[in-house]
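Only one structure is covered here, and it is reproduced in the block below.
We just call them A, B, C and D in the order they show up, numbering each chain from 1.
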Amino acid sequence: MTIRAVIWNENVHEQENEIVAELYPAGIHGVIADALNATDGVSATTATLQEPEHGLSAARLAETDVLLWWGHAAHSDVSDAVAARVAEAVWSGMGFIALHSAHFSKPFKALMGTACNLTWREAGERERIWLTSRNHPIAAGLPDHFTLENEEMYGEPFGVPEPLETVFISWFQGGEVFRSGLTYKRGAGNLFYFRPGHETYPTYHDPNIQCVLRNAVLWAHNPARRIADVTDAPNVPIDAAPEPIEARGRRLHRDGEAGFR
Amino acid sequence: MTIRAVIWNENVHEQENEIVAELYPAGIHGVIADALNATDGVSATTATLQEPEHGLSAARLAETDVLLWWGHAAHSDVSDAVAARVAEAVWSGMGFIALHSAHFSKPFKALMGTACNLTWREAGERERIWLTSRNHPIAAGLPDHFTLENEEMYGEPFGVPEPLETVFISWFQGGEVFRSGLTYKRGAGNLFYFRPGHETYPTYHDPNIQCVLRNAVLWAHNPARRIADVTDAPNVPIDAAPEPIEARGRRLHRDGEAGFR
Amino acid sequence: MTIRAVIWNENVHEQENEIVAELYPAGIHGVIADALNATDGVSATTATLQEPEHGLSAARLAETDVLLWWGHAAHSDVSDAVAARVAEAVWSGMGFIALHSAHFSKPFKALMGTACNLTWREAGERERIWLTSRNHPIAAGLPDHFTLENEEMYGEPFGVPEPLETVFISWFQGGEVFRSGLTYKRGAGNLFYFRPGHETYPTYHDPNIQCVLRNAVLWAHNPARRIADVTDAPNVPIDAAPEPIEARGRRLHRDGEAGFR
Amino acid sequence: MTIRAVIWNENVHEQENEIVAELYPAGIHGVIADALNATDGVSATTATLQEPEHGLSAARLAETDVLLWWGHAAHSDVSDAVAARVAEAVWSGMGFIALHSAHFSKPFKALMGTACNLTWREAGERERIWLTSRNHPIAAGLPDHFTLENEEMYGEPFGVPEPLETVFISWFQGGEVFRSGLTYKRGAGNLFYFRPGHETYPTYHDPNIQCVLRNAVLWAHNPARRIADVTDAPNVPIDAAPEPIEARGRRLHRDGEAGFR
C-alpha cells in the first residue's frame, strides 16, 4: 500500500522574494515532495494556494492520506470553505502535518481550538532540537539532538492545547525554548506540528528535517477506510436499542425526527 | 473573592414547549442560577439568546469568571461574533462549562476543534453516572455512582479530543455508555463538558446534578488576572533577546515589522 | 519483518479447575497464540509461570517484541526480579498488553504507579464493549460495539493513571461501566490494557476479542532497535556541552564522577 | 483550613559538605519550610532521613496534605516500606512535590513507573525557566521566564510518562533543554515535579523558586477526605448489583469470596 502525501504550500514567498526563490527554486513544496518521494511506500504530490480550490478539492482530499501544510503570508487568502473541508477530512482519518508558520493557518487553528500564538525573532540564530522521547516513531533514525545553524526563533508560551505527546523541544541561541514537535488526534486523524522551516534558510534541505518529515508521514497515516459521515449524529430508534427498553416520560422529539444542530 | 458565574441559555424550549415550561417555569437558566447562588462564594446571573448580543457583550464576558452554556434548538442563531468572543474569553482565562446538548454549540465546537457528534435516543430511560476518579474536585461530595431515572441517551463514539481527564462515565438502560464528564484546558481557561440535562426531564432539579455544577464552577474558576492580548504574537527584537545574539543570515522581515497572521 | 509476540500465562486455573481446563485445554495462552499465529507478520510463542524464570529470561525478553500477560491466582508467585525485568524491557521498547486480571499483576502495577484496583462480580452477565474512537488502530475491523454474553464485571473507579487514550468502554448488564481499553507509553514501550477475559467463559475464543488482540500486537510493536542502557543517566562533561561553556561556581562532583541514584 | 505541608530532606549534603552547609545552615528543608510558612493558609514542618521511620510514620502521613521531597546521595537508604507508604498516601489524596534530584527517589520512581533518568552536568551554568502555560496556578505571579544564574544542567530525554501538563521548560547555557515542571495525578493525589535545586547553589533562596513552591503546595492540595481503603477491590454481590441480575454461567469464586491479588 502506498501512502499518498500532498504537500500544500501557499507558494507566495518563492514568487516574491529572491532569497526564498534562490533557496527553493521549485518551491518549498517541491523540496519536500522530492524528499518524500525518495521514501519507500510514499507517493507525494503538491498543491498550492493559486490553484482552483487551492488544489484541495473534495475529490483530491478524499485521495489524500496525509496532508502537509506550509503557509505564512497568505493565511487569510485561504478560503473558509477549503479550511473547513481540510478539518473535516482530518476528522475522517486524513493525517495532517502543520509546518512552521502554519501554526497560524486556518486549518490548524480550527483543529486546535486555541489562539496558536507564540513569540518570534528572525535573527538567523542557532536552533538545537532535542528528543524528549527516544524511539518515538517520528524520531526514528535521529540522534538525541541535532542543530540547525540558522533558524527563526519561536518562543513559549505556545498557545496550543496540551498535546498527546511532546516529541521535540527546541533550544535557541537567544535564550528561548519551544515545543517543536507535538502530536494530537482529532477524530480519526493524526496531527503533528513541526516547528522548523523559516523560508529564508535552507531548513527543508537538511537531512534530519527530511527524516522527521518522512517519519511523520508514516506515523500520521491511518490505514483505516475514511469515515463516511463524520459529523453525523444519528438517532437510535427505541426499538433498535441494544437492550430492550420501552419509551417512558415525556418527549420533545417525534419518532424518526432529526436532532438539532 | 466571589466567583461570578453566568448561565447562558438559548431559552427556546421553555417558551415553546409546555412540558419544558412546566418543569422550568423560570427557565433552565433560572434553576441553575438558584442552585449556584446557594453556594458560598459564588454569585450567579443569567443571559439568554434573546438579549442584545445574546447577553454576552465584551464587557459582560470581561466580568464573567465561569460561563455555563445550555443550547439545543437554536445553535445556529448564535452569532459567529459572540461565539468567537466566548472562545477568546476562555483562552484568556474564563471557565466554560458546556451542558448536555451544548456539545453542538458554536463555542464548544470551536474550542474542541472536532465534530462533537454522538448517537442519541429520547426514551426516558435510566442513566447511571459513575465516577472514574474518586476525590476529583468536580466529584466532591458524590457517591461512586448515582442515577437519573429518566434521561435522554447519548452514546459513544463521542467526537471530541482526548480529554485531560475523564471524570464521569454514564451507563444507559438501553445498552450504551458515554463519557459524561470531561475536562480540558484551552489557553488559560478550564473547560468541563457535562452530559445530563435533557429539557423534558427534571434533571437540573436533581441534588447530585446541582452538586456537580457547583463543584464544576469552583473547579473551572481561574483566579489569575485575565490575559489581555490573548492572541498576540509579539516580535522579540534582536537586542531584547534573553541572551546576547547578533543577526545572521538573510531576512524576510524588517526590524519592528509585525508578523503575518 | 515478523513481530515476535510472547503470551505469558500463569497457567494455574487450567490445571486446577475443570471448567477452565475444558474451555482452554491448551491453556489460555494456547488459544491466544493460535489466534496471533493466524495473523500475517506475527509469530507467537508462549511462556508460563512454571518454567524456569517463568519463561522470561533476559535473553527471551530481548527477542520479544510484544509481551501479553494473563495472571490471576498467582500474582504473588511471580518473582520480583522477573517483574522488574519485564518493566525494564518495556522502557527499552518492548510492547506490553495486560489482559483482564493482569490489572493486579506485578509488572502492570509497577508500570502504572497506582493501586490498579476496581470492583468486580462473577455473575456471567452480559458485557457490551463500545469504541470511543472509531478508526483507532486497535479497533480496526470492529463494529462500534460488540457483546460478550457472559463475562465477569469490572467496575469503576479503576485505579489507573489517566491514559493516553481511552479506546474502549464496557457496559455491564448489572449497571456498571469500565474503561476496558486503555493506551499508555512507558519509556519507548507501548502499553495496552484490555479488560475482558475471565477464565470460566470462552472469551478468548470470541472473534472480536481475537481481532482486538491481533490489532493490539501490531499497535504495540515498536520497530526501533531496543534502547541498550535504558536506566542510564550519563554525565555530560563540560567540554562536551553542545554550546561552549566554562565551569562556574562551586561543585559537589568531581570530573567524570558517576551521579547518585 | 490550613494546608499541612511536610518538607522531607535526606539532609546528608548539609552535614557532609561545607558548601552546602554554608548555603543551607538550617538545611534545604529549613529554607523551604520558612518560605512555605510565610504563605497564608500553609503550615509547614520538616522530616529527615535520620529520624525514626524517616519522620514519615503512618500517623504523620495521615496528617500531611502535601509532601515535598528532596533526596540525592541517599536514595537507597530510604526504606522500601516508607517509600511504599508514601506512594499509597498519594493514591489516597496526599499531594506530592518531587524536587530536583528526587527524580531518582524511590517514591517518585514508584509513582511514575518509569526509569526517570536524564543527562546532567554540574557547571554552574545559567538556567532560564519558561512558562508554557500562562496563568497556570503553579505559575501564578511569575513572569513568562526567569533565570537562575548558576544551576546544574538536567537534559532531555527525561524518562517519565507523558504528563498531564508541561508547565515549565528550562533552557541551559550549555545547549540543553528540560521539562522542568510537570503535573501528574496518581489516584486522588496530585503530583508535581520541579527541576531546579542543586545543593551547591542558592536556588531555594530565590524568590521565583519560592513562589513556585508556594503555588505548587496550594495546587497539589486535595481538600477531599483521604480515601480509606485505597487499594481495596471489593466484590459486588449479585444481589447488590445496581440493576437486578441473576447469576448465569459457571463460576470460579464462591459468594463473598475475596478476589486474588
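Criterion: contacts are C-beta pairs under 8 Å (C-beta built on N, C-alpha and C of every residue); 3 or more make two chains touch, one makes a residue touch a chain.
Quick caveat, the model's predicted, so the values are computed rather than measured.
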Most widely separated chain from subunit A, with each centre as the mean of CA atoms: D
Chain pair showing more contacts of the two, B-D and B-C: B-C
Between subunit C and subunit B, distance of the C-alpha-averaged centres to the nearest whole Å: 36
Chain centre separation in whole Å, for subunit D relative to subunit C (CA means): 27
Centre-of-Cα separation between subunit D and subunit B, whole angstrom: 31
Touching two or more other chains - residue numbers and ranges from subunit B: 128, 133-134, 145, 155, 162, 164-165, 171, 173, 175-176, 185, 187, 242-243
Footprint of subunit A on subunit D - complex, ascending: 128, 130-134, 144-145, 155-158, 162, 164-166, 169-172, 175-177, 179
Contacting residues of subunit B [partner subunit D, same complex]: 93, 128, 133-137, 140, 145, 147, 164-165, 171, 173, 185, 187-188, 222-224, 227, 242-243
Partner subunit B, residues of subunit A touching it in the complex: 13, 17, 19-20, 72-76, 87-88, 91, 101, 104, 110-115, 117-125, 150, 153, 155, 159, 161-162, 164, 173-176, 184-187, 198-201, 230-238, 241-243, 245-253, 259-261
